[in-house]
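As written, the chain order gives the labels A, B, C, D, E, F, G, H, I, J, K and L, with residue 1 at the start of each chain.
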Amino acid sequence: MSDLSNNLKTLQANVFQMYAQAHGYHWNVEGMLFKELHAFFLEIYEDVFDSIDPISENIRKLDDTAPFGARSWLQNSTIDINDNEILSPVEMLNELYSTNEAIISQLKNIFKIADVSDEQGIANFIAERIDKHQFWRWQIKSTLKKSVI
Amino acid sequence: MSDLSNNLKTLQANVFQMYAQAHGYHWNVEGMLFKELHAFFLEIYEDVFDSIDPISENIRKLDDTAPFGARSWLQNSTIDINDNEILSPVEMLNELYSTNEAIISQLKNIFKIADVSDEQGIANFIAERIDKHQFWRWQIKSTLKKSVI
Amino acid sequence: MSDLSNNLKTLQANVFQMYAQAHGYHWNVEGMLFKELHAFFLEIYEDVFDSIDPISENIRKLDDTAPFGARSWLQNSTIDINDNEILSPVEMLNELYSTNEAIISQLKNIFKIADVSDEQGIANFIAERIDKHQFWRWQIKSTLKKSVI
Amino acid sequence: MSDLSNNLKTLQANVFQMYAQAHGYHWNVEGMLFKELHAFFLEIYEDVFDSIDPISENIRKLDDTAPFGARSWLQNSTIDINDNEILSPVEMLNELYSTNEAIISQLKNIFKIADVSDEQGIANFIAERIDKHQFWRWQIKSTLKKSVI
Amino acid sequence: MSDLSNNLKTLQANVFQMYAQAHGYHWNVEGMLFKELHAFFLEIYEDVFDSIDPISENIRKLDDTAPFGARSWLQNSTIDINDNEILSPVEMLNELYSTNEAIISQLKNIFKIADVSDEQGIANFIAERIDKHQFWRWQIKSTLKKSVI
Amino acid sequence: MSDLSNNLKTLQANVFQMYAQAHGYHWNVEGMLFKELHAFFLEIYEDVFDSIDPISENIRKLDDTAPFGARSWLQNSTIDINDNEILSPVEMLNELYSTNEAIISQLKNIFKIADVSDEQGIANFIAERIDKHQFWRWQIKSTLKKSVI
Amino acid sequence: MSDLSNNLKTLQANVFQMYAQAHGYHWNVEGMLFKELHAFFLEIYEDVFDSIDPISENIRKLDDTAPFGARSWLQNSTIDINDNEILSPVEMLNELYSTNEAIISQLKNIFKIADVSDEQGIANFIAERIDKHQFWRWQIKSTLKKSVI
Amino acid sequence: MSDLSNNLKTLQANVFQMYAQAHGYHWNVEGMLFKELHAFFLEIYEDVFDSIDPISENIRKLDDTAPFGARSWLQNSTIDINDNEILSPVEMLNELYSTNEAIISQLKNIFKIADVSDEQGIANFIAERIDKHQFWRWQIKSTLKKSVI
Amino acid sequence: MSDLSNNLKTLQANVFQMYAQAHGYHWNVEGMLFKELHAFFLEIYEDVFDSIDPISENIRKLDDTAPFGARSWLQNSTIDINDNEILSPVEMLNELYSTNEAIISQLKNIFKIADVSDEQGIANFIAERIDKHQFWRWQIKSTLKKSVI
Amino acid sequence: MSDLSNNLKTLQANVFQMYAQAHGYHWNVEGMLFKELHAFFLEIYEDVFDSIDPISENIRKLDDTAPFGARSWLQNSTIDINDNEILSPVEMLNELYSTNEAIISQLKNIFKIADVSDEQGIANFIAERIDKHQFWRWQIKSTLKKSVI
Amino acid sequence: MSDLSNNLKTLQANVFQMYAQAHGYHWNVEGMLFKELHAFFLEIYEDVFDSIDPISENIRKLDDTAPFGARSWLQNSTIDINDNEILSPVEMLNELYSTNEAIISQLKNIFKIADVSDEQGIANFIAERIDKHQFWRWQIKSTLKKSVI
Amino acid sequence: MSDLSNNLKTLQANVFQMYAQAHGYHWNVEGMLFKELHAFFLEIYEDVFDSIDPISENIRKLDDTAPFGARSWLQNSTIDINDNEILSPVEMLNELYSTNEAIISQLKNIFKIADVSDEQGIANFIAERIDKHQFWRWQIKSTLKKSVI
C-alpha cells in the first residue's frame, strides 16, 4: 500500500507542475491566436488543477498525509517543466504535450498498482484521469498538425 | 513602473504559498473540529487561489511577463511556510495567521507604490485584497481566542 | 381586534430585539468554535429578521399602522436582551435561549387571541413561527447539552 | 485607529436608523403611488440593511467589538429619524432625503480618516457606500422634483 | 361533507370571476399610472388564478367532481363582477376591492365548515387563502387612500 | 381593422373555453391512464391559457378594449364545450379534439384577415398559434388511434 | 405531552413503512404501464420520505429522542405492509391505498392531540401532511377507477 | 436586393436613435412618477437596443457591410429625435410615441420589400419587430390617456 | 398537401446529412485553428440537429409518418456530402458552404408550397430555418474570406 | 490498437442506428399509451445520441479518424434496424429490445479488448455505457411483461 | 449471476441500515459540536440513502426483484447497528466507523464477484461506492483523532 | 464640480464611440480568424456599452443632466473613430488599440479631478474602469504581437 501512496505523491507533484505550466502559458501567450490559446490553456489548467484535490484525498484515504507547498512539489515531482516566460505558441503546445505524455504514462502505471492492491475506488478515479489526459493529448496534437490553414 | 511589477511578482509567489499552505492544512487537519476546520481552510484557499489570476494579469498589464511553476514561486517568495504535514489545529491556525500578516503588510506597501505610480486600477484591486486578508485575519484571530467553550 | 394588533406590535419589537441579539453574537463570538457558532447565529438572525416583515404586514391588514425605529422598538419590547459585546459562547447561547423562550410563550398567547378573533390567516402565520422558534429551541438546547465531546 | 473604530460605530447606528426608517415607510405609505413607493422603499431598505454586516465586520477587523440592539443603536446614532407612522408620500421622501444627506456627509468624513490611517480596505468599502448613497440621493431628489405630471 | 364540497364549488366560481376581473383590468387600464397598475393587476390575477387548481383538487379529495367552463362558473358564482371594459383606475380598484371583500367573507365561512368537518388539510389551505386575500385588501385599500401625492 | 378586432374577441372567448375544458378534464379524468392523461391535459391547458394574454394584447394594439369574465366569454364564444364532469378518457379526448379543430379553422381564417389588413405582427403571432394547435391535433389524434396495446 | 410524543413515534414508523412500500413498488412494477407507475410511485415515495425528517424533529422539539433503524421501525409501526416483491399493478395500487388510509386516520387523530396540547406548530405541520396524504388518496383512487380506457 | 439592404441601413440608424432617446429619458426623467417611468424607459431601450444586432446581421446576410458610429447613424437616420435633456414626463412620452410611429411605418414598408424579394427569413424577423413596436405603441398611448386618476 | 409532406421528407434527410457532416468535421478537423473550428462546427451541428425534430413533427401534423434511420435518410436525401475524413479546414468550410446553399434553396421552395397550401404554421417554421441557415451562410463565407491576417 | 479502433467504429455506427430507431418510434408511435411511450423513446434516444460524441472522441484519441454520414454508418453498422414507420407499440418495444441486446453484447466484447490493450480510460467509458444499456434493457423488458393491468 | 444478485440484496439491506444509523444520529446528537456533527451526519446519510436506488436497480438489471421494507431489510442485513438513541458524539462516530468498515469490506468482495461475472457496469458502480465509503472512512477517522484542540 | 461633470460628458461620448467601433468590427470582420475576433469584439463592446449607464448616472448624481443621441455624442466626443466598414483584422485591432489608449489617458485624468473634488464614489468607479480598459489594452496588444504562429 505504501507503494501506491508514494506513487500518488509523485503524481500530485507532477500534476501540480502541469497545472502551473498551463496557467503560466495562459498568461504569457502572444500572437494572433492569443484569444484561442488563452482560452485553451484555461480549459486545461482548470481541469488539471481540479484533480489535485481528489489525488490528495486518495493519499489521505490510504492513511498517509498529503504534501503541499512549492518546496515539497519541487522535490516530489519527476518532470521538469519549461518555465521560460517567453515562448512561441507552438513551443508552448509542444512543451505541454511532453508534460502530458509523461503524466499519461505515470497514470497507466498507477492504475496497475491500484488494481493489484485491491484499491478499486482509486483505480476507478485514475481511469477517469487517463481518459481526460488522453483528451488533452488528442486536442493538443490536432492543434499542432500542419495544415493548409 | 518596474518597481511595481517586481513587487507584484513577489506578491504572486507569496500568495501562492499561502494558498498551498491552506490547501495542505485542509487535507491534513485532524481532531474533533475536523469538519469545521476542513471547511474553514477550504474557504481560505479558494479565495487566495482565485487572487493569483488577477495578480498575474496585472503584471501583464504593466507589459511584463508572469512567472509560474514551483521553482519560480519558491525563488520569488519572501515567506517560508511551515509545510510539516502533521500539526495540531492550533498550530495550523497560528502558522496561517503569520503568513496572512506578512501578506497584509506587503499589500499595504504595494498599495502605496501603485498609488504613487498613478496605477489606480491596480491600487483599487490591491485595496480589495487588503479587505479580504483582513477578513481572514479577524476570523483566524477570533478562532484562536481562548474562551470557556 | 385592537387587542390582537397591540400584541403584534409587542411581538414585532421583541422579535426585532432577538434578531439584533443573534446578529450581535454573530459578530462578537470568539473561540475554537468561532466558525460553527458564527454560522449558527447567522441562520438564526436571518430567519428571525425575515419574520419582521410579515408581522408588520399583519398589523397593516388589521387597519393599524406599523411602528419602526430603535426608539419605538425599545419602548414596545417586553424583553431586555443582554447587549454586552463580550460574552463566552455558552453565555451567548444561554441568553439567546431565554429570549427565544419568552417569544415562544408570547406566540402561543397570540395564537389564541387570533383564533378567538376569527383571524385564521394570522393564526396560521403565528403557528408557523411557533414551529420555527421551537426548532431554534431544540437546536440551542442540544448545543448546550454537556457531553464528553 | 480607535478614532476610526468609533466613527464606524456611529455610522453603524445611523445606517441602522435609516434602514428602519425606509422599512417603516415601506409598510405605512398610502395613496395612488402606493405600489411604486412601496417598491422604492424596499429597494432602499434592502441595500441599507445589507451594509450593516460589512460595517460591523470592519469594526471587528480593527480589533474592536460591534455594538447591537435597539438601546445601543439609539445611544450611538447621531441622527434622529421621524418615526411618525402617518406621513404623506412627499413627507416620507423628504425625511429620507435628510437622513441620507447626513449619512453621505459622515461617510465622506470617515473616508478621510481611513485614508489617513492607512486602512485602504476600509476606505475602499466606504467609497462604494458613498457611491450607493449618492445613487439614492439622485433617485429621491428626482422623485421630489415638481413637474407637470 | 357535501356541504363543504358545495361551498368549495361556489368559491371556485367566485375566485375564477375575481381572476378574470383582475386580468381584464390588467389589459384595459389607462392613464399616467398605467405601468404601475398594469403590474399590480398582474400580481393579483396570477395569485388568484393559481388558487383555482388547489381549490378544485380539494373538491376531488372530497370524492366530488370539479365544475369548469364559463357556463358553470357563471351559474355557480354568487358575485357579479363589473365587466365594463372602460373604467377609470379608481373605479377598477374599488370594484376589485368589493369582489375581494366578498371572497374574504366566504373564505372565513368555509374555514368554519372545514374545521367542524374535521377536514384540517382543507382548513389549513383556506387559512392561507384568507391571509393572501387580506394582503390584497391592505394593498388595494392603501392605494385608494387619498393623500397629497 | 374592426373586423380583425372582432375576430380576435371571438378567438379569445373560444380559446378561453378550450383552456377551461382541458383544465376540467385534468381534474376529473379517471382510470388506469389517470397519471398520463392528467399530465397531458395539464400541458394543453397551460399552453392554451398562456395564449389568452397575447391575444388580448393584440386587441388592445388595434385600439380596441379586451372583454373578460365568464359572462363575456360565454356570449362571445362560438363553440360549445362539453362541460359534463363525468366522461370516459376517450370521450374527453374526442371532445377536446373537436374544440381544437374549430379553433384551428378559426385561426386560419384570422390569419388571412390580418394579412389583408397589413397587420404582419398579428399574422405572425397567429401563425405560431396555428403551429401549436396543430401540434395538439397530432398528439390527441395519435392517442386516439386504436392499436394492439 | 408524552402522549403526543409517543403518537409521533408510531407515525414516524408507519410513514417509514409507506415510504419503503412505494419505493419497493417503484422498483418491481411491470407491465405496459411500467413508465407511468414507476414515475407515480417515485412521486409518492419522495414526498413520504421527506416527511420523516420533520416528524422526527418534532419528537425532538418535545424533548424526546427519535427512534431509527429497521428494528425500531418494525416494532413501532402499527401497519403491516405487503412486501411481496411480485404483485400486479392493481394489487400494488390497492395495497398503497390501504396503507395511506391508515395513515390519514392516524394523522387526524394526532391533529386533535396536538391541538389539545397547545402545540400549534406541530398541529400546523400535521394539517399539511393530511392535505398531502389526501392528495395521494385522490390520485390512487382515480387511477383504480374502472373505465372504458 | 440592394434596395432591401439600404432600407435596413436606414432602419438600423433610426432604431439606434430610438434606443438613445429612450436611454436618455431613462436618465433625465423627473417627478413623482420617476421610478415608474425610469423603469418603463429601461424596458423600451433594452428591447430596442437588442434589435440593432440582428438588423445588422441581416445586412451582412445580404452580402453588404454594416455601418456603425455616431457619424454614420446620424447621416443614415431619417428621423430627428428631440435630444433636449429637460422635458416633462408627458413630453418625453409624446416624443417617444412619434419616433415609434415612424419606425412602425418604416417596418411595414420593409416587410413588403423583403416579401417581394423572397427573403422570408428577414420578413419573419421584421414581423416580430412590428409586433414589439406596436406593443410599445399600445403601452405609451395608454399611459398618455387622460383619466380621473 | 402530399406534395408538402414529401418535400419535408427530403428536407429532413438533407438536414440530417448536413448535421452529420458538421459533426464529422467537428471530430476530424486539425491545425492551429483546431479549437476555433471545433467549436464552430459544434455550433452548426447542434442547431441543425435540433431542427430535425420539428421537421419530423410537421410531417406528422400533415397526417403522414416520419422516415428514420441511415438507409431512409440516404435514399431520401438529394445532396451528397463529402464524407472524406481527412480534409483541410478550408475544404471543410467549402463543403459545408455548398451543403448549406442547397438547403437554403430547398427551404425557399418549401416556403412557397406551404404558403400556397395555407399551412401558415409550417411556413412560419420554415422562415425561421431560412433565417438560421442564412446566418451560417454569412458566418462560413466571412471565415473563408482571404485577408492579410 | 487498430482492433480497438475498428471495433469503436462499428459501435459508433450501431449506436447511431439505435438512436435513429428510438427517434423514429418517438415520432410514429400511436395508441392510448402515446404520451407515455413518446416520452420513453425520447429518454432513450437522447441518452443514446449523447454517447455518439464520446465514442467518436475515443476513436480520435487512438489516433484514428471518425467516420460520419448516413452512407458510412450504413456500411459500418452490423445491425439492421426495422425502419418500418407503422408498427404497434409492442412491436416497437420488441424491436428496440433486440437492438439493445446486440449493443450490450458488443459493448462487453469491446470492454475486454480495451482492458487487454491497457486503455483503461476507454474501458471505463465502455463500462458506463454497459450500465446504461442494461438500464434500458430492464425498463423495456419490464414494460413488455404481460400483466393484469 | 444469482450469487451476485444475492450479494447485492445483502448490500442493499446493510446500506439501508447505515443510512438509518446516520439519520438517527443526525437527530439525536447533542453537545457543543451539535451543529458540526448534525451537518456531518446529514452529508453521510444523504449520500448513503442515494445509493439504495442504484443498488436496487442493479438487482433488477440481473432479472431479480428488489426487497423492501423494515422486515426484509432486518432479515437480509448482516450488520447490527447500535440503535441506542442516547450516545455521546464519540460513541456515535465510533459506531458509524464500524458500520462503514463492514460495508467497505463487503463492497470489495462484490467488486470481485461482478468482475468475474463479466458485469462491468455493476463493477464500475461498486468501485464508485468503494471510493465514497473510503471517503467517509477518512473523514470519520480524522474526526476521531485525539489532538490538542 | 462642474469641471468633473463636463469631463464625464466627454468620457460618455468617447466611450460610446468605442462601443460603436467594437460593435461595428464585430459585424464586419472577415477571414480565417472570423469566429475568434467576432467573439473578442463582442466581449469588448458588451463591457464598454455596460459602462455608459453608470457614467451617465454619475453625471446625474452631480446634479447635471445626461446627454444622449448620435448628434450629442458626435459633438461631445474628442476622439474620431475609423468607421470604414472594410478593414483587415490587424487594422481593426490597431484602431481599437488607439481608441482604448485615448480613453485610458482620459480616465486617469478624471480620476485625479474626482479625487481632488472629494467625490470618492466616482473616483472608485473610474478606478475600476481604468482596470478594465488596461485589461483590453493587454489583450489587444498580445494579439497584435508578431510570432511564429
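Rule of thumb we're sticking to: contacts are C-beta pairs under 8 Å (C-beta built on N, C-alpha and C of every residue); 3 or more make two chains touch, one makes a residue touch a chain.
All of these numbers come straight from a predicted model, not from anything done at the bench.
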Any chain touching chain G and chain K at once appears in the list C, J
Every chain in contact with both chain C and chain H is listed here as D, E
Contact-pair count is greater, between E-H and C-G, for E-H
Taking shared numbers over all numbers used, above half giving same and below half different, the chain H and chain L interface sides are same
Cα centroid separation, chain D vs chain E, in Å, comes to 39
Cα centre of chain D to Cα centre of chain J, whole Å, reads 63
In whole angstrom, the CA-centroid distance of chain C from chain E equals 33
The positions of chain A in contact with two or more other chains are 32-33, 36, 57, 60, 89, 123-124, 142, 149
Contacting chain pairs, sorted by label, are A-B, A-I, A-J, A-K, A-L, B-C, B-D, B-K, B-L, C-D, C-E, C-G, C-K, D-E, D-H, D-L, E-F, E-G, E-H, F-G, F-H, F-I, F-J, G-J, G-K, H-I, H-L, I-J, I-L, J-K
The chain G residues in contact with chain C across the complex are 57, 60-61, 118, 120-125
Touching chain J in the complex, chain G uses residues 29-36, 38, 88-90, 149
Counting only contacts in the complex, chain A reaches chain J at residues 108, 111, 123-124, 126-128, 130-132, 134-135, 137-138, 142
The answer for chain K against chain G in the complex is residues 13, 16-17, 20-21, 23-24, 27-28, 52-53, 56-57, 59-60, 65-74, 77, 81, 83, 85-86
Listed in rising order, the residues of chain D that touch chain H in the complex are 32-33, 36-37, 39-40, 89, 139, 142-143, 145-149
